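A single structure is presented below for examination.
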Amino acid sequence: MRTLYAELNKRFPLGELTVQREDLGFITVEREHLRALLLHLRDLEGFTHLVLLTAVDWMEEGIFQLTYLLSDRKKRRDLGLRVMIARDGASMETVHDVWPTAATYQRELCEMFGIDFPDSPGVHDPFILEGWTDIPPYRREFDTKKYADETFTHRAGRETNDPAEYMKKQLYPDGA
Amino acid sequence: MKDELKKRIITGPDGFEFEVDPLNDYYCDAPPKVHPPAYVKIVEDLFNWARSESIWILGFGTGCGAIEMRPLMTPRFDAYRYGVQWRPTPRQSNLFIISGYLSVKTLKRVIRSYEQMQSPKYVIGLGSCTINGGMYWDSYNTIKKLDEYLPVDLYIAGCMPRPEALLKGFEDLKKIIRAGEGEGANIYAKNFDWYKANQKKVIQDWDMPDYNW
Amino acid sequence: MVYVALITGFLLILMGLYGALTNRNILRMTVAFSIASTGTHLVLVAVGYIPGRTAPILDGAVTAADASLRIIDPVPQALVLTAIVIGLGVTALMLTYAYKLYETKRTLDISKYTDLKW
Amino acid sequence: MVSTLFIIAGGLGAAFLLGLLREEWRGFAYGVTLAALAFMSWVAGSWLWAFVFDGAVGVDVFTAGHNPPFAINLRMGLPEAVLVLLVNAMGLMVGVYLKGTLMRLGRRAMAVLLVAVLALCGIILTRDIFNLFVFIELTAISTAGLVLLSADARALGAGFKYLVISQIISILLLVGIIFAYHATGTLNIDGMAEASVALMKGGTLAFFLILMALIVELKPFPANGWALDIYESAHPAFSALFSAAFSAAMLFAVDKVLLIGGEPWPKIATGVGIVTFVGSNLLALSQTNDRRLLGYSSVAQVGLVLTVIGQRAVLGEHYLFVVGGILLAHSVAKAGLFWVSGLVVERQLSAWAVLRQNPFLVFAFATFMALLIGLPPFPGFYAKWELVHALVSEGRLALVVFILFGALLEVGYLFRWFGYIIKREASVESAMSKPVAFLPRKLVVIGVGVVSAWGLGYIWGALSDFANVLQALPVLFALSFLALEGLPAKLKNTLAIVGLVAFFAISYENYNQLQLIFGAIILIGGAVILLASYETHGKRIGFYPSAMLMYAGLAMLIVAEDSFSFFVAWEILTVGSYFLILRGKFSEPHALSYIIFSLGGAFAILAGFALAAGGAPRIPLEALAQVPATLAPWVFILLAIGFMTKTAAIGLHIWLPGAHAEAETDVSPMVSGILLKAGLFGLMVLLLNMGKTQFYGVELTYVLLWIGALSALLGNLMAIFQEDAKRLLAYSSIGQMGYAVFGLAMMNHLGWLMALMFVINHYVYKSMLFLSVGGIAKRTGTRDMYRMGGLIALMPLSFIAVLIGIIAVSGVPPLSGFGGRWIFYNAIMTADARLPMILIFLSGPVAFLYLFRLIHTIFLGQLKDEHRRLKEAPFWIVVPQMIYVVFLLGFAVFPGLALRRVDAFLNPYFPNGGLNWEGLTISSDFGYWSPVSIMITIGVIFATLLAWLVYLNHNAQKVKQFNIVFAAERPYRPETTHFAWNFFAPYRKALGFMVQPFVTQFWDGLTGSLHHTAQFTRKLYTGNGQTYAFHLLAFVVVVYLILVGGLV
Amino acid sequence: MFEWMKIPYALLTLFIVVNYGLLMTALIAKIGARVGRRHGIPIYQNYIDLIKNYGLRSSITHGFMFYLGPVFRLTGGVGLILFVPIIYGSEVFSNFSFAGDLILALYFIFFGTLGMALGAGESGHPYAAIGISRGLSQVTMAELPLAMAVFAVALQYQTLSITDIVAAQQGGILNWTLFTNPFAVAAAMMSFLGSMMRPPFDVVLAPQEIPIGPPTEYHSSYLALMQTNRVIFPIAKIAIFMSLFFGGAASWPVFFLKVFLIYMVSVFVGVVFPRFRVEQSIRWFLIWAVPMGVLGLVWV
């Protein structure tokens, strides 16, 4: 993994490398190098598979972190590329032409985080939220509980317990 | 709303132009009717007995409970013994098992399928999610109380209940039917506006007729 | 003598035809055809000629009475006269055509006049 | 009577007079010219009148008061009179036609025209061989002069080439003449003929040269490039003269000269003629220039006449009739076509579409075309009949084959051209939008041509030994619609219906049972279909003459008693139906393949009849039974092939789908429901009279059995893969006809009964289905079934028609189709062959597939957006359908009404295995069937159950088309929800190999290779005058070598 | 003159056949279940289902043909049973066989198919159309060996009357067509497999792929009518097979037994083999059944 990083670093200006496992690492890259890097990884380094594309909402920093997780099946290693983009008017270049599967992930990100991917096919079509009018639900400013309370009727008499506490009480009623 | 559902101007083969309103022209918009039981009691009793002994389930797995329904067909549980069998189309089914949580998107399909079943028809809510949301009680995208949206005859609690519980549920449902209390379809028709209001509250892009025949 | 004339006639015909088929120039072709017709005329006359007799002209030398014994067959003579006249006409027409053709394309090469074919 | 000499003198005198006139007096000069031509024509006409009506005998005119050989003599006999009249009249017409050009060029041009005409008369009249030479040279010179009339600069080159050729010819001729003279001592043709023996001793070559010189003047293939160039570039009026009059005169000269030669020489004429006929027609296939095409055609026709001249001995007393028929037909037709070509600005064939602006011109073209091809009632038809019969009786079969093949080629390109005229868009330059003004003067000339064409037809009909086609009532009725073209279509339709019904009423008495069935279908059935024609508006020009011609042919066919009248009827119905089919919007190629197959089949029939006749001019149809055993199988095969082109048996079927599918709404049922029956009728006549026939040990009916079975299976299989509803029905017709052929070929009582039942049923349900589908196509604007769907509620009547139709077709009880199936099974119980049954067994259920598809994809399934406001099919299209529905229901219950009579009719022919009609039950030797019981039983059960269901479901909610269970989703568009396209995809996967278009590929390959041959061979004509001269010499040499070889 | 007594006799036949059919199909379902080590449905389950479906309260209709579909279907079944002489030698149970012979029966089979297809088509459901397309494609090819076998039998006995054919097979088991023309019978039985809508030829109904195929939109009493037909029709068909190939039946017990055994042929095959696609089954018929039929034809 480190050799790969060293190799890549010769060609692209890369951020730091986080090695999670021997076969799984994450690299932070600049947005403008992403595409070239992806193509390089896909065509020359054997990362043929886009495992997933997901986002993390760093609300406090005002950024979204996009993670492109790639897999090299021959060498059994995975590499995640992190790209930071601005949270306001979030938008990112589409990579569906590199991996067609990306279109689906991008559609999901668009719906859940409100990140736009111009030119990605069907990116604005509803994915699982048909007729959603509120702000995208995975943004952290979205208050799920409040929304659920307002939208859905709850059955009276429901109790909520902390499972650990509750089981403790059930199994050891004497507090031992 | 999808483009296909919007009104459009069509030119006929003879050059005549006219408007097509898909929601009106392609879908029947009659409201459901209340179907009274047979006039003669003994006939109704016979029918109810037959209904209870011939429960055809709509094969529609909405949540994780669908996994629990499959074993009923296997030799171990063999629900066929009780006159229970699965049908591939709502038209021919009598029992709709809501097997677990219902997302809003699925609810729309469930309503549609339910309305396409013929009366009398029954609904079983399987698992806690259908009762009060269960572990999804605070989810932004699942309904919490099934009977707000559909007339439920029977709930089977658990997360998830085992197939045996389902079999027991069938037996209880049979009793309900035989007692002439499985009138969910009529309740739905009677309280149609209320159900619709509830449904439309969560389904915000309501783009179908009120009743899906 | 008769045979000489006959053979000469046929030679002329063949020469004429050969010339007409090998020369591309329209004027040359016309000339070649003239040669060939001359050959034909020669053949005509030669066929009608009987050795030792005189021309079929009834004058002092030949009287009407002995004409049938003294003169050669007059019919070919008549024919040849007609043929010559006609040949002249045709040749004249060909020359007219040659002139007209030349006016259109400024060439006398017959192989250039193949607009019509197939 | 005026002396013949006045013809020559008149022309010559006028020409001299013209020379004296002042250049400016053009009008006067023109008047003189026309007057001279008219005078010459009058002289010729008066002679002809005298010969025909006053019984005058031929006279010889001796010039200079001497007898030949000392003087030139002219002869005037009947043929001379006819030809001279032809030449002069043609000259007169050309004079009129050329008015503009002549006035522009002045008196000299007029003089040349006069000289040309008189020279031609001279060629015809003279009996002196040298005089012939002189006239020929005169002709050559004047021709070269007249070529210059053309505005086309290329004509110069053509004229020069012609001069080159004529030089060579004159050399050949002169040399030949002088040696012939030398050998015989005379220049008189008759004298030479008397001295033939002496001539042939030493002067063979001399005679050969004379003959070749004349033949070469007739433009034999392939030494005829020069002539084609003239045709292409000369003024069309002159080309008319060149083609019609020159050829006629030269042919007569050849005919005269051949007298000298005696025995072996006519063979040369025949040989050269037939090569020319076939070769030129073949080359004409790939022509796109109209005048050059006409040139090829002219050359070919002259070749045909030459062929016939060579067969003089065979024809005997009919010689003049045959030669005259072909020659005059050719002259008038070709002249007419050249005149018409003068009205068309552009030279490619499709530019003739401009003629559409004037229906008269279309009619004229059709007349000339029919005249040229020899369709009834024109002279060529009678001539062809006589010719083929005579040739066949002498055993000259190869010649017949070549003649017919050449004629078929001619049919090909002429009808293709006609198709262009009717269907093609005129090119941009001659913009159809602005009507072209046709000069009335020229129209009159063409009109004279048309009138003479029909006149000739009448004359030849009267002269023939047979009934005059133009006196047959049905034909007259059909032709009378030509005169009524100006009336509105609805009125004409009424007349037509009344005519058909009235004719049936008249003929009813005389029909036997078989004829009655066919007669009822053709006349009454035709009238019912015509009801649908009330739907059309306007005048519908061209429809009624064609349709009535077809019906006339059909009506004459079923009452025909001898081979000739049968064949006449056959050709008439073929032609009529061709015009009908051609009316369809996109039917041009299909109509063409229809006419080619049909006329090809007709030629086979002609040959078959000729073979069977054995020298007699015609035979009663019953006499087919007495054909000697050695010939019988051949006759059988030829006739069967001919008839099967109409029933579209597999292999000969490729014309049918397009022709039926592309035809107009009310035409499709006519050509499908009625026309196909003609082929069946033919087969019935054939089988009734010839019965089982062995061919090298193979039973021919057994072969028919296989053909029928294969047609049934493959027709049906192809039908299920069609997307086009009418095409589907058309392919189904192939299958249905296969069934009928199969039934006939079984040669037993029930097989025939089944075939007849099919005849009735197929007429009814195919007409009904075609009308129904046609009505729907009219409303929806498409014939593709997958574009329709869900029309049941909008077009309930059409639906009922189709429903009843498909139940009847598929043979499901209780409708009448079942009767057919039942009889079929009983019939095959006694048939000898078992294996072909398997194919039939399969084709039955397969039929079910396409029928279901028809009803499903059109009426059921999803209604499309654009069809939501459709109305029921037009009233008049629905009316006949409802009549059919009622009939089908009635026929289902009481099939005995028709079948019983047929059953009785068949008894004499097939005494065993008839049906027993006692009570309500029909029984055979094997089984039984009671239509009434079936109907009642099914009816009661059905009604009971329906009542029960309605009772249970009386309050069912009526829902709309998208209220379907769609896996919890819902459909968005009807197009994506209607399962219709490629409906039987699995079938294609499994059995698609059986519907590979092998037959189409075969015919494509055949026509393709013909075209390629033509394309390749015509490169021979390089356009170089020298090459042409070389061709000529080589031709002479080759013929000589062949001749020497042949004589040795 | 029509004997009116035939009507009650016919109703009696119908009654017996319906009840037998209901029980037999349940029994066969049970046997199928036992193969899968289940208990399966109760033997009277078919009655309950039938009553239940007749007793449903609501229904919808897609149009006129939608109504007619089941009517056609059941008319086909009932008509077929009435046109076939059920019990050999019995005047009472010969029903309306006087109306027509074997050919009538064979062609009348299509009556219901056609009506059903039309009704299903009217529902507008693409799955219905797909199912019809498959069903028709398959049945045409399955018909071929049957037609050949029937023809062979008719030739063999020189009659098209079912009664006569049965008569010719009397007098011992070896007189059955099964033994006198085994090839024809083999072909016919293969065809039989193809027409019974059981594996491997049940792709028409494929419940998960094209939910139940043609009847996908049918419900309530429509479905009940079709269910009624589903018990009558196979029995009628088997009765024909039995008469043609297996010596017919001279009494009801023999009838019951033979029908059951013949039905079991398709069940045996069905529980063992997986499903064919349509083109596969067409090829199968062409390769195996058609040659059998040819042999049967040649054999006669």
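In order of appearance the chains are A, B, C, D and E, and numbering begins at 1 in each one.
Basically, a contact is a pair of C-beta atoms (placed from the backbone, for glycine too) under 8 Å apart; a residue touches a chain by one contact, two chains touch by 3 or more.
To keep track of the chains, here are their UniProt names: A, D = NADH dehydrogenase; C = Cation:proton antiporter; E = Histidine kinase.
Every value quoted in this text rests on a predicted model; they were computed, and no experiment measured them.
Colleague: When you check each chain against chain A and chain E, which touch both of them?
Modeller: B
Colleague: Could you tell me which chains are in contact with chain B and with chain E alike?
Modeller: D
Colleague: Can you tell me which chain pair comes out on top for contact count?
Modeller: D-E
Colleague: Please indicate the chain closest to the centre of the assembly, with centres calculated from CA atoms only.
Modeller: Central chain is D.
Colleague: Please name the chain that ends up farthest from chain C once chain centres are defined by their CA atoms averaged.
Modeller: Checked the centroid distances; the maximum from chain C is B.
Colleague: What is the distance in Å between the mean C-alpha positions of chain A and chain B?
Modeller: Going by mean C-alpha positions, chain A sits 36 Å from chain B.
Colleague: Quick check: how many Å separate the C-alpha centres of chain D and chain E?
Modeller: 53
Colleague: Nearest whole angstrom, what separates the Cα centre of chain A from the Cα centre of chain D?
Modeller: Averaging C-alpha atoms per chain gives centres 78 Å apart.
Colleague: If you average the Cα atoms of chain B and of chain C to get two centres, how far apart are those centres in Å?
Modeller: Each chain's C-alpha centroid was found; their separation is 113 Å.
Colleague: Where in chain A do residues touch two or more of the other chains?
Modeller: none
Colleague: At least two partner chains per residue is the criterion; list those residues in chain D.
Modeller: 955, 957-959, 961-963, 965
Colleague: Residues of chain E that contact two or more other chains, please.
Modeller: Chain E, residues with two or more chain partners: 58-60, 211, 216-217, 220.
Colleague: Could you run through all the chain pairs that touch each other?
Modeller: Chain pairs that touch: A-B, B-D, B-E, C-D, D-E.
Colleague: For the complex, which residues does chain D have touching chain C?
Modeller: 130, 133-134, 137-138, 140-141, 144-145, 148, 153-154, 156-160, 163-164, 166-168, 170-171, 174-175, 177-179, 181-182, 187, 225, 228-229, 232-233, 292, 1018-1019, 1021-1026, 1029-1030, 1033
Colleague: Can you tell me which positions in chain C touch chain D when the two form their complex?
Modeller: Chain C reaches chain D through residues 13, 16-17, 20-21, 24, 26, 29, 33, 36-37, 39-40, 43-44, 47-48, 75-76, 79, 82-83, 86-87, 89-90, 93-94, 97-98, 100-101, 104, 110-111, 113-118.
Colleague: Using the touch rule from the top, collect the residues of chain A that touch chain B in their complex.
Modeller: 128-133, 137, 142, 144-145, 147-148, 151-155, 158, 160
Colleague: Residue numbers of chain E touching chain D in their complex, please.
Modeller: By the definition above, chain E touches chain D via 54, 58-65, 67-68, 70-72, 74-75, 78-79, 82-83, 96, 98-104, 107-108, 110-111, 114, 117-118, 121-126, 129-130, 132-134, 136-137, 139-141, 143-144, 147-148, 151, 154-155, 158-161, 211, 216-217, 220-222, 225, 277-280, 282-283, 286, 290, 293-294, 297-298.
Colleague: Given the complex with chain D, which residues does chain B contribute to the contact?
Modeller: 2, 4-5, 8, 10-14, 16, 18, 20, 22, 25-28, 30, 33, 60, 89-91, 109-110, 112-113, 116, 208, 212-213
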